[in-house]
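Two complexes, one shared chain (chain A), two partners (chain B, chain C).
Right after this comes the complex of A and B.
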């Protein structure tokens, strides 16, 4: 309760004592420098216009409409590499704070049923035509995974994803990146010999990220 | 040789109340409406006012206020008050309950017309006495006790569900019991009982049981989780589901889990390992599960992060499940908890109708394992009446008995009996006096638990603190001591204790223990039902009142004490009074004759100080109208409030500020119309209608002489020459 009360009482006949006045004023001065609270301001007395931009939060956004292919030729996480823009935001935090990053976007890859076999498919790889294509997406902040969406449903040829996560950050430069990877998965795990796969008639189809947006909201301490 | 042979008795410093027959002359029989000052004097004490001022309702055309009101006018009896803060004190909450079933907190942003908000539950329903109601018993009882933990306020009152308030909403603390058991089945595609077609999982990485064409079987349990991560006791085991895998596939299990109460934000599913071995034989006993004894280990399967889902497919193989469920760590929040404390990251809760003291798992304040229980004392020693963590122990009070809980969560807690002679009669009276110990009110008086509470070379013991004030303590209504409340007035270095006296169940007498000098004083007319000191830099002492005669009562609401108030509430005046002890002059056959008293006081101006005498402990004072005198030297010409003008004059001098200094105020007295004096008490007070006074010491000038001394003509003693 951020109220203060006078602590000196004066009445007619009392000597005029400056210390009493000072002590009453002291009660209020002790509230300065950080002690004022919600109790001290009328409701709705502070409007948005009274707060400078970015005083409490900084919001960054990156919208990408250029398709980015997620190669199935590797199982490592792919990110901005100077050629392909998956999405990333860099900023410098002036204070410690909390970062909330979210990503939404859609993707496409050829549906298995529509894939024309490039040649007679070997029995060894036949099941790959029946599905088992996956896309994984995640957000990383300074290399630390922030959030991840489950593997995409392989029976869809197009779909959309959304993910969001928060992490405390120290003051200083930071980078938020989208990372993606796609794979063909057999019974024994990801297929990495894609050349062999293609040699046996299974088409190699990368997954394409389409319209997407990366948002970073930094809430200052 | 002086004209009148006199002796002076000087009493400095002045100390507090000591009502025993024979005491030090520096003691007082009564110290009223005074507070001990760091300059070693007694000054007029504080009054109280509502924490929010009145505001105007109606004015006339000249601006004169015709009607005013106060936000607390319609407030009901406030029977509990609590203070807690979040974010290291940056966000503070003053929380209170009323007899109307309300639970609310202070919000000054709408002042002066609106100063509180109802606490609301997760659904938004307000604790306003209608939508949600907090219980209140009019008979004296421990009331609502609270503790702060991790920026939250936990409230228990022995009747309602335990409540936790996080500043935004309130909800039940912990869980009252386990969820209902889950129901599990093997799903099939046809729902046919005669020819079920199982849903099969051909992927080797998923599915339950072995892919060996053998029987598999599982049991499940489920727990609730609230938003603070506290987990309920585990449910009973589900039905035993069995199914037959083939060498080509395994199967999922469909788990039907119960939806929990409103505070549930997630549910956790646990299950056994496969209760059949690779040969398809039922596992009777193994290191992993002991089915023979009806006990199986359950392992974490999945957390359902909602309170909506009812059907969950379990496809995790045994190799993919998580850690074993430790049910010894789980347990419900104690039923009918009436006292609560936090000690070493462990929550302790005492129940209203038993000797049991239950404690939580460490760092899990709402999970009380079944075995975490102490039986404290014997029922003949009364119920547990208070918990207070201090130093390296949790002090457990019973009506008659004090116990210490020692140890820690890692090595285990244990209980020690400190005494079974003294106990606590009022949980709200317990307060820790800095540098001294733990003060509390018992049926036998006010006591202090002092010492290090462990074997460190410092004696741990119980000290009777109210020994010097037997007359005051004899006034207490011991049947209503639950209504006493205490706190530390940090600003004035006082332990405040409001107590009910005589036939009144409500507390109205305020005892003050001035702990810097270990002295007592009292003040009357304090309608305190509950009291708290804010733990911030402001150190406000705020109390809720029982004095609610009507729904528009000038005394209703929350009050704050301050020396800046002119009176105690709207009615009762502050009447500083210092009555010395009965000064004993040694012999009844060698009487004295008081002729003057001097008050060593601070020169506050033209308001009078009064002086009176009591001789030989007689009932009546010497003067029916006490002599009075300005609190200044006669030659002082102070500029005073109500008279002096800015840039004006006082006498012939320019008016200026005055720094009050010690002065001596003299009172000429006579007791010649009464008995011979062998004991003398001097009383100093302010005149009616004024309150400022600061007394440093006293001096009594007496004429002493043995009876039978030869009379001398006064004229000679005065140096006269007339003779006959």
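Right after this comes the complex of A and C.
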């Protein structure tokens, strides 16, 4: 609106044509009725209270304190399945922007010390002691991996992880998910036959996710 | 939306000064409507950063970082047993405190707290000589964020979802040959990210404190924290 010009110029003695008068007035009336812009407002004049909620930032958080079991009986990535909540956030982006997702939480792995003593002579058991229990966590946005933190967990029975990633997103519906998988990995890859382990007296020690939080911050264009 | 609807003038009309339909009515509209301009008067994407006040969307960086930022660069020992989160106990991690941090759920999108640090456990060793060498001590360290409104002395509330538990699995021992094996010492890092939720603005400001303690059975084992960085980010609108 800063540069709107009179269309009609009147001079002393003119017989004013109403159409010309109206045209001039309409110039700024139309601008006022929905077309004001940056040139009409002083520098730094718009404060937080004047801005509609979620104009620039949409913030989502999901805190979960119920344990989620990460079974070692499968090598596929586990996620929310209607029964177990690993963590997910869905939102609809009105514009394109940048999403930053953060996850932090801790996990528990049953102590190996509960195993029977005879495992000391078991080949499987010796193999397990070699540091072959793994836990992997990753964040996935619309099916695309954002970040991943694989970890060997033999030495610990409880510990914590953190990961963060950012990705540009188009307008539309989006979902951020935590996915997890645990495995016992041998020289030939993941050990799937857990019955063989249990035949050696090794219990099926799944990993459990404990206190955890998924955060999604969508910063709009 | 403040909207101006002018009285149209046609050729041959008598120019009226009536407050209901004449020139004065048009002037009255301008005088009235300009006081109630809102977002609908503004062209879509018509505002740019130049028009925005400092801190309109994100809290500006203060002249002093002391309120929203904490840093530890020397080892802080946590020597507590079974005490949990308590403002008057030894579980307070000295120096890991930020505040006042302001947040108003009525206007803000969120307040995020981040803390990251290194921790170090003592050597964990067992006298169990049978394989495998599981820790007989089984220490279990916990860390958690606490918060309170205002800086007056008082108890901290636990920040839900921020408790992190750490426990070591295996340990060194004296083996059957009488040769003492080295114990396990755990040096690692830990990060917590939390989006703070609170029902009111907490006008005096919020304070966040990191707590750490050992709550395993038996003799508590000290552990230490170093290289800590803790900060708050306030997202508005």
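Convention: the second predicted complex is superposed on the first by the 154 of 221 C-alpha atoms of A that agree within 3 Å, B and C clash if a C-alpha of one lies under 4 Å from a C-alpha of the other, contacts with A are read in each partner's own complex, and residues count from 1 in each chain.
Criterion: contacts are C-beta pairs under 8 Å (C-beta built on N, C-alpha and C of every residue); 3 or more make two chains touch, one makes a residue touch a chain.
These numbers come from a predicted model, not from an experiment.
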Partner chain(s) touched by A:156 [first = chain B, second = chain C, both, neither]: second
Touching partner for A:17 - first (chain B), second (chain C), both, neither: both
Which superposed partner A:55 touches (first chain B, second chain C, both, neither): second
Partner chain(s) touched by A:164 [first = chain B, second = chain C, both, neither]: second
Chain B versus chain C as contact partner of A:64, first or second or both or neither: second
Greater chain A contact set [chain C / chain B]: C
Which of chain B and chain C A:4 touches, first, second, both or neither: first
Contacts of A:35 with chain B and chain C, given as first, second, both or neither: both
Shared chain A surface residues [contacts with chain B and with chain C]: 17-19, 35, 37-38, 41-43, 45
Complex contacts: residues of chain A adjacent to chain C: 17-19, 21-22, 25-26, 29, 32-38, 41-49, 51-61, 63-65, 102-106, 108-109, 111-113, 117, 119-120, 125, 129, 154-160, 162, 164, 210-213, 215, 217
Chain C residues within the chain A interface of the complex: 1-4, 6, 8-11, 13, 26, 33-34, 37, 39-43, 46-48, 50-58, 107, 109-110, 112, 116, 130-132, 134-135, 138, 140, 160-170, 184, 186, 188, 190-195, 197, 235-237
In the complex, chain A residues that touch chain B: 1-19, 24, 30, 35, 37-43, 45, 187
Residues of chain B defined as touching chain A within the complex: 49, 51-52, 91-92, 94, 106-111, 203-204, 534, 537-538, 540, 542, 560, 562-566, 603-607, 632, 638-644, 655, 657-660, 690-692
